[in-house]
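Note that chain A is present in both complexes that follow, paired respectively with chain B and with chain C.
And now, the complex of A and B:
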């Protein structure tokens, strides 16, 4: 949390009302996201209990496991979920666009749409990850067959939760509290922000007003949401009181009713009604949150980032069609290094794009010393570097700023007006409480001896230069092939030989 | 270590350090191991070892690659190698017995520094043993090739010698990330590698959360040495026994706090080093009240090698104006009082000029604040190094002034607790170290026992930051001078 975000929290606390942290929406919002509220059985790693899921806010589908400890029912639940989720994903694979060949990639077709899964909180993403892991290795043949869609669902859930969700700037799998929390600061703790109801109460307290129409502040509304009966946890865990008082008697009743179809139907209706009651408040909050985000203007790089998501989706969906093996339980040395490079480069681009799209984000960097802003006080546009064969334009620009400049000489910076131009700091001088920064322009001025029109900032112009904007992306260094993994990293991985209990199983 | 070891003479200590080099050489040349690891405490002669081993390995007639982490380190190594071995051992032997040939691989846009240029064979240069090029093929098969890890990772395999490099030396290997090693390891995978580094320094870091790989034997965010050892637990590990930099006053504390299981000692005896300060110009240091305290701190540090200047307890923002000002004043006063240091190598005494003083902090904005405060105290202080722990790694000064990472903080985060950070800051000095901190850090530590999640398969790291900080503070309490608030 930078100082600016801390200040926003203090202000929110004082005003009892959430304070915006961003001026635009830094995530993509698909026109028809698939909203999913999963809850799991307490005490087991991936035992689904119920889910409310759908793209229509008025008509969610409720999936329930009658006896969550029964593994057959678990995978029957996942098969039902697969029909909805995989069906939704297939629906995004209609039209495509032609992507022209580049130096490194031949011509290809990219889907015009991609799926978007929205869960209430990061616990929801973790639930998807666990369900994905339990489903992706299952088989539709052999001793314990499952519905053929289950392993497909497992691969997709893994892709959503492990591949895309941790990748900065990807919007195919979002945790709503994380997204809202990065756009608004509340006066409560980060832990309390994980409760979707409490977080929304700070942002839109009017939605939580009691029937008497009394006006509530954000803090008052958030206090109301502490009642778990009215605003139950958004999952994936249920609260223990619900487990013992409501869930346990209903599951027992259902077991007792075995053999009596009428009693069984009654008991099942009771269980479904209880779980629907439990999930419905969160379902409504999810759509309130989505509406809130939809009200924010789209970020400048939104379509670019969504295009990357669409491309990755196209690739992954094709790999599934071609029968790709499930993602491994643990990544090998080479795959892990590749993923680290991917994640780091995605984070860097996302930081840069947000700073370019949103002055409030850029202001945060001024506070930490990674940016400075001020007016251009002098320009030497004619300056040239004559040491080479042909003189090159190397204009100098002097900028006066009240920001404390901590950047060193030789640092490359850029400004939002010309993000592809990366001037170098040549000198920083203190003048009283202000600084004069001397910049040398080395690129982004065209190919001729005289800089292009408008490529050199003029005196009097206001600019904000930042290192974050000057971040350049270099392709990661080539890594060895899997089979050539060097001894430092354990050598090439050995083929899998089942041992112990695995050895006795038929499937291997 | 026992008292009998401490009584060793300077010659014996030197011989013990040489013996390590002999053992490392023997292990490398034996052909029994794919790699050898050398752990080096701060200032224990790591560079000397690298230069010596480079020469010995090159003498086998097979190509040697040296990997360093930054261009600065590469240039330092090239210079040291050229000075030590650039000329023929025996000039009388004539042209065919030239000295060591050194290649310096560089990225485009690299401008050779002064210390590289003087070995390029131009006018006024010392020798011509160094070649600089962007491609391995353009170096003309030198005996030793030096480059950064990033540059090595981008050398195409068409350029490699037949079968890859027979020998590789990886300097500052504890600062290298495992994924970086994976990218360059194929170049020496068929040969033998020497990993040299200081395990107590700052670990490499990633800009994203690496928890997903925690416990994996090839965690790409872990250090190169950690991953190599996880996969090759039988590699021989050697340790350099003496810190030639740290004075006898500092080695025991640094060893106890940061290297509790791998003891080392100061290479110099308690009588070998001394620091003296004159009493001149006391009035010019600022308001009389505070000047007296500053002088006391300097007196204590020159006498005992340590001083803790303790400001009144207060929660502050990162750029605590009073603490930054105190750091700057201490440096200014050291220069004005004309501190002189003594060592057998400079028995007549050597003036502690501004460039022999460093001020270390945890954050860049703190360093910038200290720089600005120094500028207010006079232009003659521009030579003082003010930097963050990351950038002070591997550097050496006579006196180091440290702004304690936990000074004025409300919480003790993993960043501020990191042992490597404190270790770097407290192990840069040859003579004295002055720590500036707000009172109350022990209470802060007690209020924040570490809460990092424990992952299965991750070896427990000793010492942890909490423990190291407590050890340091307990010792510094004996050198404490409390100060009034600075106005």
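And now, the complex of A and C:
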């Protein structure tokens, strides 16, 4: 935990109101995200109990499993969910744009839109992962046939939850508490922030005000949200009290009603009503959270990151069309190494982009010693390196900062104003409580002997230089072809062939 | 590895009759609550909490106490989870051990003495399975001990699997009984290099003639999907199992047998993928074992803690003939407040007193309320008003503001409080505050620029 963010929590505690951790929105927000609140049965691996899902805040669809331990009902639920989710995804595949050929890639068509799935918390993403795993190997043939859309849903849910959600900067599958928590600091612990209602209570306490119109502070509103009867957990597990007092009797009633259609319908209506009541508060909170995010200005790199998401979506949707095999249970060595490299590089880009887009993120690096900020006190713009055949401009800039500078001589840094210029620290002098940092500009000044207009900072200008902004991107490590996986890493992975065992995994 | 656990000084303290009297006095005239594997495992999570140490040592019913002072805990288990857990355990044990032996042999590569020759023959297992579940705890513990002793005297006889064994462990000087789900007697790695671990590593530690050992099995109903289970749940199970292994080692030591006779790899039996079919994995609990042992030894010397308490202090929850409590909520609350706590947000899911402690941490503005990692990031400063003062904010009523040394609480492995100079924390916090204010001002400028452009 970064000290800046920790201090923000203390300030939020003192103010009894959340304080910003970001000044722009670092995730993309699609005009019509698909909001999904999944609920699983406690104690089971992936037994769906209910879901509230939809793109229209006024009209969510409620899916309910009457008997979550019943295999057929589970897959009937997944088929219903597939119709909604896959239908939504297909709806994003309208227009495309032409992407010109590059050295490594032929010309291709990229979708202009991509799906966006928003779940309440990281538990929700985990629920998608488990549902995806339980669905993607199923088949519409064999001893336990399922709806043909179920395995498609399984592949998509796996892509959302395992491929895109952990990738920094991707906005295709978001956990709302994570996103809100990275944009606001509350006066409570990170553990308590996982409760969507409590987190929102700190940010917008006025939405939690009692009917008498009394003013509430964030802390007071958060205290109210601890009543699970009024502000139930956003899942994927229900509260034990709800299970004991409401759900258990309803499930028993349904079992007793078996055989009597009228009684069965009554019992089922009761179950649906109870689950709808349970999910409705979370549904409303989801949209409050989305509105809050929509109120933040878009980050500078937003459209670039969404373009990457659109490209990945285009690729994956095409692979599905072409009948790609389900994602393997465990990735092979080469695929896993490539995935790790991708995740790392995505994280690096995202960190750098956020620091460029948002001074508050950049400020965090000043506390960790990866950045320093202050005013330029002197500039030698005419300085040249004359050791070579032609003299090269090598201006020196002196910056006074109160930040303790721990960076060594020779370190490359950059600032948000000119991210492509990477000056080198040539000297650091301490003056009382302050430091004077001498920087040499070596690039980003044009090709001529005299630096381009505006490429050298002027005296009196405020700059924040950071190593994070100057981080170079290294090419991904060379990896062997799949077929050349060495024996030390298990040898070449076997190609996927659907086996009977995939379709009818043991089931009791 | 076969080293005898070091003696526990806290035990000696509690055997001291004065200490025992004092603890009984604190609890009042009602029966003491007992520790179980779950509560012992929980101790390792927060060993420095004096409040919990004293309440646990005195055997006070913390749940009842918390309810009486208006902070009843809210955690519980779903009936669905409980019935699933019970159903799975029943299923695993339903066939008199055939399934279990098959798992031990086939999936874990263990050789089980005797039964290995004919694991499918159920009748052959009749005398291989013993249920130690009936009777009083003392009695069950004695029978478990007798079984282990007999088995050590005459290797190769007696049962292969023991259900519901009872073990005993000294916790802060009081005996706690713990019940592993199952003990698999006398198994050993069959072929070198075939031990399969939960994390997928195949170990080749086994020598061709590996010695026979006792293996402890834990039956859990969380799923192992594609060979992987929820790491949080596995970690919890491992810590609990370590308590059993430690108790078993104590039993062996008590019999004069080497503690190495119980394997430090425990057998975790879980449902496979999305089914009810059991699968098994070995979990190496040596690390957890060391942690549990260390924390039990470090449990603050109860005697020392008691010396610091007011003599009139009592957590007596008993009621008079009319059912009226002898002590009011206010009086109990005062008693609880008299013992120092070490709150962390994780306590909420582990300790019955947590809501009270959280309220206290918030009311006093302690950085504990925000979590350990936040407190560390704040340089270990204990009070939020001191954090604000050190960051350079004025008018926050802090001692630090007036130049008084504030208490900085550095959490070294959970138990050491030290009064340190706060210069380092002050430096860190003032940079953080300045950076934050400057960034917000710059963002404001950028925002205005955007608005002007629009």
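By definition in this document, the second predicted complex is superposed on the first by the 486 of 508 C-alpha atoms of A that agree within 3 Å, B and C clash if a C-alpha of one lies under 4 Å from a C-alpha of the other, contacts with A are read in each partner's own complex, and residues count from 1 in each chain.
As a working rule, a residue touches a chain if its C-beta (ideal position, glycine included) is under 8 Å from a C-beta of that chain, and two chains touch if they have at least 3 such contacts.
Just so it is clear, the model here is predicted, and its values are computed rather than measured.
Visitor: Which chain, chain B or chain C, ends up touching more residues of chain A in the combined arrangement?
Guide: If we count touched residues of chain A for both partners, the winner is C.
Visitor: According to the stated criteria, A:106 is in contact with first (chain B), second (chain C), both, or neither; which is it?
Guide: After superposing on A, A:106 lies clear of both chain B and chain C.
Visitor: When the two structures are overlaid on chain A, which partner does A:404 contact: first (chain B), second (chain C), both, or neither?
Guide: both
Visitor: Classify the contacts of A:340 with the two partner chains as first (chain B alone), second (chain C alone), both, or neither.
Guide: first
Visitor: Looking at the overlay, what does A:321 touch: chain B (first), chain C (second), both, or neither?
Guide: In the superposition, A:321 touches no partner, neither chain B nor chain C.
Visitor: What is the contact status of A:431 with respect to chain B (first) and chain C (second): first, second, both, or neither?
Guide: Neither chain B nor chain C is touched by A:431.
Visitor: In the overlay, answer first, second, both or neither for which of chain B and chain C A:480 touches.
Guide: Only chain B is touched by A:480; chain C is not.
Visitor: Which of the two partners, first being chain B and second being chain C, lies in contact with A:191: first, second, both, or neither?
Guide: second
Visitor: Looking at the overlay, does A:330 come into contact with chain B only (first), chain C only (second), both, or neither?
Guide: In the superposition, A:330 touches chain B and chain C alike.
Visitor: Where on chain A do the contacts from chain B and from chain C line up?
Guide: The overlap between the chain B and chain C interfaces on chain A comprises residues 3, 330, 404.
Visitor: Okay, in this complex, where on chain A does chain C touch?
Guide: 1-11, 13-14, 20, 23-24, 41-46, 130, 133-134, 187-192, 219, 228, 237-238, 240-241, 243-244, 247-248, 297, 329-330, 358-360, 362-364, 366-367, 373, 402-404, 462, 505-508
Visitor: Once bound in the complex, which stretches of chain A touch chain B?
Guide: Touch list, chain A to chain B: 3, 162, 166, 168, 330-334, 336-337, 339-341, 343-344, 347-348, 368-369, 404-406, 430, 477-480, 484-491.
Visitor: Spell out the residues on chain C that touch chain A in their complex, using ranges where they run on.
Guide: For chain C paired with chain A, touching residues are 74-85, 91, 221-223, 225-227, 271-277, 345-346, 348, 362, 365, 367, 369-371, 373-379, 384-385, 387-388, 391, 396, 427-429, 431-436, 438-440, 442-443, 446-447, 450.
Visitor: Which stretch or stretches of chain B touch chain A in the complex?
Guide: 34-35, 150, 153-154, 178-179, 181-183, 185-186, 189, 193, 206-210, 212-213, 216-221, 224, 227-228, 231-232, 317, 364-365, 367-369, 372, 375
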